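What follows is chain A paired twice: with chain B in the first complex and chain C in the second.
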Partner chain A sequence: MPKYAMTIDLSRCMGCRACMVACKVENNTPEGQFWMYVFRLEEGEFPETRLTFLPRPCQHCDNAPCVKVCPVGARYKREDGLVLTDFQRCIGCRYCEVACPYGVNYFHWQSPKKGQYLKWGDDAEVRERAEREVPPWHNPDHDKRYGEERRLTAGAVHYKGVMGKCTFCVHRVEKGLEPACVANCPVRVFEFGDLEDPNSSVSHKLREATRFRLLEDVGTEPRVYYLNGQPPTGEHRQLDAVKGGKGE
Partner chain B sequence: MSVQSRSYRDIGVGRWGPLSFLSTAVLAAVVVVGAVAYSRQFIHGEIVTGLRDWGTAGGAPWGLYISFVVYFIGVSFAGISIAALVRLLRITALEPVTRMAELLTIVSLVLGAFSVLADLGQPLRGITNLFRYARPQSPFFGTFSLVMAGYLFASLVYFYLAGRRDAYLMAQQPSRLQAFYRWWAAGYRDSAAERARHERTSFLLAVAILPLLVTAHSTLGLVFGLMGGRPGWFSALQAPGFVVLAGVSGLGHIAVLAALVRWFIPEARERIGVPTFRLLGIFTMVLGMVYLYFTLIEVLTAGYAGHAQEQELVRLLLLGTYAPYFWGGIVALALAVGLGLAQGLRGRWSIGAVVAMGILVNIAAIAKRLIIVTPSLTHGSLLPYEDGVYVPTWVEVAIIIGLMSLGALVILVFSKLFPVVPLDSEPTS
Partner chain C sequence: MGTISRRTFLKGTGAAAGTLAAEELLFGKGKSLLPVARGEAATPEPAESWAYSACWIGKQDCGLKARRFGDRVVKLEGNPAHPRNVGTLCPKGMAQISALYDPNRLRRPLIRTNEKGVPGEFREATWEEAIALVAEKIKAARAKDPKLVVWQKGRSKSSALYDTAFTAALGTEKLHHGAFCSDAGYRACEYTIGLNGVLNPDYRFCKLAIHWGYNLTAGGGNKLCWITFPRQFINARERGMKVVSIDPRRHGIGPHTDTWIPIRPGSDLALALALANEIVRLGTLDTEYLVKYTNAPFLVGEDGLFLRTGGKELVWDTATNSAKPFDAEGVSPALEGSYRVQGQNAKTAFELFKEHIREYTPEWAAGITDVPAEQIRELAKAIVDTAQIGSTIVVDGVEVAYRPVGIHTYHMAQQELGFQTVRAMLLVMMLVGAVGAAGGQLSDATWKIHANFEKFGTLKVSEPPYNIWLSNSKWFPINSNNTAVVSLVLQDPAKWGVEKLPEVMIVHMANPALAFGSQRDIVEGLKKIPFIVVIDPWLSKTADLLADVVLPASTLEKYEGPLAAGDIYTDAVALRLPLMKPLGESRSELEIYLDICEATGTLYGEKGYIDQINQALGLKDEFALPLDKKPTPEEIFDRWAKAQGLKEGLAFFEQNGVWVKGPVSPKKLYGWAAEPRFGGIRHRFYGESLLSAQRQMKAAGAEEWAWRDYTPFPTWRPPTMESSPREYDLYLISYKLIEFKQSRGHQLPLVAELAPKQHLWMNPRAAKERGLRAGDEVWVESHNAVTGETKRVRARVALTEGIRPDTVGLPHHFGGEARHPWAADDGPGAASLYYTGPGYIQMTADQSFHVKVRVYRAKEA
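Then we have the complex of A and B:
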């Protein structure tokens, strides 16, 4: 059984947020929801200011507070380390969301009005131009069941009133692909792989770089390692906070 | 009024005056408004509420609903605690309010459960999954599964047993509800042996429910107190604090309810007098003092030794956005305690003053419940997110007021069907 982890090399990140876009397109998250988010942070007083960037996926904690508090076991941790939400069991109490100190959970407040995929089939102009080659607007991989448990866990918005969050792109990982954010980063900030395998890219990275984990003193034991950088402090101010819609 | 001439009708059963009709109609109308509001939420999702994700979306995922889950379940403290006081400590002055206190427990537990359902994104699934996949490791288990399956069930059994004697007495008189009373009495004939057996069973049940009471209110506190990554919540004082504030609001509620019963049913006035209110006042006052002390220690600990985010939250409570709620609650509670102290020192208790205490402590309890839930979500982030905002919408407010009216409606209608004050020891006909 692999032990999945992610490394994020902060010395490489330039805050372009391509990972956020890749995540939205891959997972079809509703407007205003960011399963991957990149903080653009500023510290110091002008002219002595410094910019840093901090990508924030779900930390897939080993001691995940969200898993502990879920009253029905919809939020669970797989043996390979992925922390996932069973959309068919979730009752929408949002306890995972308030328990998580990282703010990675996004509730489906309503059925989405605006998906990230084009609704090709609905658009007359697109239909006309594409003739019969009408691709599905919904990624069929999201409807498959994954892992030994065969639970419905991939992608966003299967139902209104349930919780969603970063899945490490379980539907891609199960095919041997990298999560969308990892695959789409132009400067290879992210590595994703098996900690058990000493030759995996994450194992290599962890051997050679200084590292920290986010909010380490809360005791959540994240599976996401930040390399070559410093954790955010109270001195950091957020620039360009992305708000977007409110879950529409 | 001589003992012989008294009929059980005098205890308010079956007597519908214009005031009762008007109250019923108004309450029912408010319940309907609440139901319409809920239908909006059920159809469109919780987008119709003021709740939003915390973090990048800058909202609070828990708000009015969870505040009132805590408040309603807190009020339920009253019934069983009073029953236990009467049974275990033999405080007879509280006996006339036992029935309405137990009724209040049952009603408020059900309202608490409804508030949980109002909060759920998938309420229908919640009803099945909370039991089917119950995880005792989750503190939420205590607030719903344990409360519903254990606390409410035990309270219903207690309520039923404690009412059998009155049901038997009521069944002796011809009325339209005779069959209902006979069903409730279920063969009970008020013989000496039966009375002794009931006394013993109720005693044991009261003893058994007491730990359930502490557990239920503690787990409610643990829902917040165990969240290590949430400044303002993570505290060992949450669970005992919830138990004590539950006691304050529950006992205060009983004082208000007893006064309403006196107002609606003049015959109850001789049964529920100053001695009863005096005891309610003393208990409310003592628990109120304990809670003020808890608050002081809590603020002192977080403000003196807490990390940066913890101190920021204390500042917000004392001086910032949430100061009106914090100080409003403190002032209301302090006023109630002061009223109690003044009466205690003078050695004279008045019903009006105890009712005022009851209203004040419930204002304090609601204020406290609002600031326990929201500030830690809008301003309690350990990562550099923007601060959040939460303003409830009309849907949330209508649902909560609708639930309150539903509770009042059930109590009002029940008081017309069954003696809300236990009948005298010596039956008459």
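Then we have the complex of A and C:
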């Protein structure tokens, strides 16, 4: 059984947010939901200004608070390490959102087919071209069930009233593919693979770099390792915060 | 186990979202629940397939592959085989999937029904009617003079088919976007070293990269762009390359620098001259390079021109202690010194240079640039130490001079003194022999000498009347061709000595009304053109304000190419292939141009569009398109592919996406290794023809603002903007964002969401001094120091310690790029505050993106 983990090399990140868009297209998340988010952080005073770009997916914690608090067992951790949400069990109580210290959970306030950027349904020609899918780039992988447990756990376009978060692209991992963010990064910031395999790319990276995990002190035991950088502190200010939609 | 879940049950009773679902289940109109119970998919899935194409939104035409189910594209990913992006896409490339389905795209041609210069009212028309109307106008104009038809491009995704063949078939005047891009840098490199490019380091071997205003994290590199330069850069960093970033703003380099030098905007020339001063003072120069491969040893007479005998420039031969032609057998030229020659006190150009830069000390520059003198000295020493003058390495079996220090600069060239600034940077690199060396200073992907090198050697000023971009005029002997200058001409042709005014303009993948510095002049000028056709997938701002006819272009639903696909080190070529049927009746520009040429009688026969395509694509013999049959795009590219030796033709690209030809020979890449070295030319250390041009300009009566910078060595003067009154106490700079590309970014909602609104970026200290906080609405007011004109726009303040306190930033890409829900009310475009004209355009007619502004709360008057 693989023990999946991700490494994020902060010395390479350009803060381009291509991973955010790749995740969004792959997982069909609606406006305002960013299962992958990239912080553009600044600290110091001119001219001693320093910038850090920090991608932040779900941390797929070994001691996940979200799993502990889920009253119905919708949020669960698989043997391979992925922390997933069974959309058919989820009752949308949002306890996971409260419990998670990383802010990776999003509640679907409306049908995930709403807030999908443009009015796909109003135009007959577009509707036909998109084969009535909303968004038009609806990924059929999300309609399938994954894991030995055969649960509906991939993608964002399921139901109103349930939670959504990064799945490490379970639907890709099960096919032997890397998560969309990892595969797409123009400068190869991410690696993903099996910690138990000494020859995996994550094992290589962990051997050769300094590392930290986010909020190490709270004991969540993330599976995401940040390399060649320093953890953000209270001195960091966020630039270019993305609120979602057309807002400020 | 499969399951009627609790959720499915709720759906069935209609209690939750989806009355439609309830109806389907209860009244048997829809899908049976049995497949769900069995855990199967309800209906058979369309087949999954992958198709290759090339990104449409950006500059590099990165290779992509599209995941499709049936005809429906669900994802775009990078083509792993493409050298430029190696299986990845930037955020724009990933986001362009929405364009394939965007209901806001134009489906049919539009014909304007109201006057131009205000938002347009249009009626839909058939292609027949639209093409007939366009053809009628073109024919009428061409009958008088083909140059009365103007082709204005922004980006061209197929220079062979559009820039070369189409414009040749119609004989049009050509305008482009270079004056708003980096063309002052191109002119400086063409003039000095004969290459058509600006400056980038050889990242493969570079040990010290000087990023001079280069916006690494957002775009804007020399010729290449995202994704390629960041990849090369980050690998070089991993190898240990050091970086110095010279930029008023931090974000461009992000975390990836060892030193950030926050230089005062507009003072880059002073820094370059001081670096030269210090390097000369240190005394470690690449004398061999300067003597053998530049005109630095040439003797200059008292009139500032080279001394010549029999048309050959003279040098002082140290072997015989006499003046000899520079290419005399066994000559050993002196690099420095004063000599008595032909009855004059002659000096070598290098001797003159030493005198010229004597006052440009680091202490002098510190006062102007706000860069400490010690830091300037350190940088000069680092350049000299890293250059390892005299060393060589072996690259792919070829011995090449090794000078692993190089500058990366590009859009920074578009400032008032940009041409001379880039020339000064070149001189700095020439002092240590880094031009064309391994690890050192590159400019073009191959060491091919551009025709402008020779042309610029004898600059001529001609008599009026001039053409609309004032080519060879007394104002711009070197002229990058600037549409903003054209707009000034169109507003007052008599003042500029122009008689023939255009009657038709075709706008190709461009949004001038938004982006071409000085929006007001562009709109006022271009609206005087009687008939304007805009080709665009959306109703762009330019189409909205200025188009008489709008023709809907497709995006990734077309054939285009051939597309350069190399990354400097590997040569490759690719094509754009259609991923879906075009949306509505949108079409490729190629098909539009075939129709326009057919309707104007310029398609068939010799010199027609088909003939021009054959020539531009090198289609000969059995591959040549017959001149009497209208080709389809597929036929054109199939023949082209076969003419390259690819037996499968177009199918090769359908199967592979890109044709990787192999490594670029060091002899092609490095000037030091080229045969002959540096293409056989002498690099222009001393710009004699600039001095000659200045004299001609004065004699022709050109104003001082036009001739003052035509000096043989770059010469410092304070930029014009510094004479604005003191209350205009902030420099305005603009820059690209990684989320967008030129003026077609907000039409992609997936990236527009990441940066939906414009902001004025200020240093917190500057904001505090003005009683401003983050989120405050302010007026940003610019001032033209020559005319006294002011302009102002409203924006919201955003704060960052990553910008100088005397500088504010207004990014490019905003201003209502198109009639699109994601582009509306997004805030002002940067070009709304810049000026065009004396003091705000360069000696080469290139635009300057510098101006002084003041910022105050929006509630005040």
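In the analysis below, the second predicted complex is superposed on the first by the 219 of 248 C-alpha atoms of A that agree within 3 Å, B and C clash if a C-alpha of one lies under 4 Å from a C-alpha of the other, contacts with A are read in each partner's own complex, and residues count from 1 in each chain.
In the analysis below, a residue touches a chain if its C-beta (ideal position, glycine included) is under 8 Å from a C-beta of that chain, and two chains touch if they have at least 3 such contacts.
Note that the structure is predicted; figures quoted are calculated from it, not measured.
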{"item": "Chain B versus chain C as contact partner of A:S111, first or second or both or neither", "value": "both"}
{"item": "First, second, both or neither for A:G92, with chain B first and chain C second", "value": "first"}
{"item": "Chain B versus chain C as contact partner of A:G147, first or second or both or neither", "value": "neither"}
{"item": "Partner chain(s) touched by A:G161 [first = chain B, second = chain C, both, neither]", "value": "both"}
{"item": "Partner chain(s) touched by A:A22 [first = chain B, second = chain C, both, neither]", "value": "second"}
{"item": "Partner chain in contact with A:N139 - chain B first, chain C second, else both or neither", "value": "second"}
{"item": "Contacts of A:P2 with chain B and chain C, given as first, second, both or neither", "value": "neither"}
{"item": "Residues on chain A lying within both footprints (that of chain B and that of chain C)", "value": "89, 111, 159-161, 242, 244, 246-248"}
{"item": "In the complex with chain A, residue positions of chain B that touch it", "value": "44-47, 51-59, 61-62, 116, 119-123, 125-126, 129-130, 132-135, 137-141, 144-145, 223, 226-230, 308-309, 377, 381-386"}
{"item": "Residue ranges of chain A touching chain C (in the complex, touch as defined)", "value": "10-18, 20-22, 24-26, 31, 42, 44-47, 49-53, 87-89, 111, 117-120, 122-123, 125-126, 129-131, 133, 135-140, 143-145, 150, 159-161, 183-187, 239-240, 242, 244-248"}
{"item": "Residue ranges of chain C in contact with chain A within the complex", "value": "1-3, 5-8, 16-17, 39, 41, 45-46, 69-78, 85, 87-91, 93-95, 97-98, 100-104, 107, 216-217, 226-227, 230-231, 234, 237-238, 250-251, 254-256, 260, 262, 580, 583-584, 738-739, 749-757, 763, 765, 775, 796, 798, 800-805, 821-822"}
{"item": "Footprint of chain B on chain A - complex, ascending", "value": "32-34, 37, 39, 41, 56, 65, 68-74, 89-95, 97-111, 159-163, 214-215, 218-220, 232, 234, 236-238, 241-244, 246-248"}
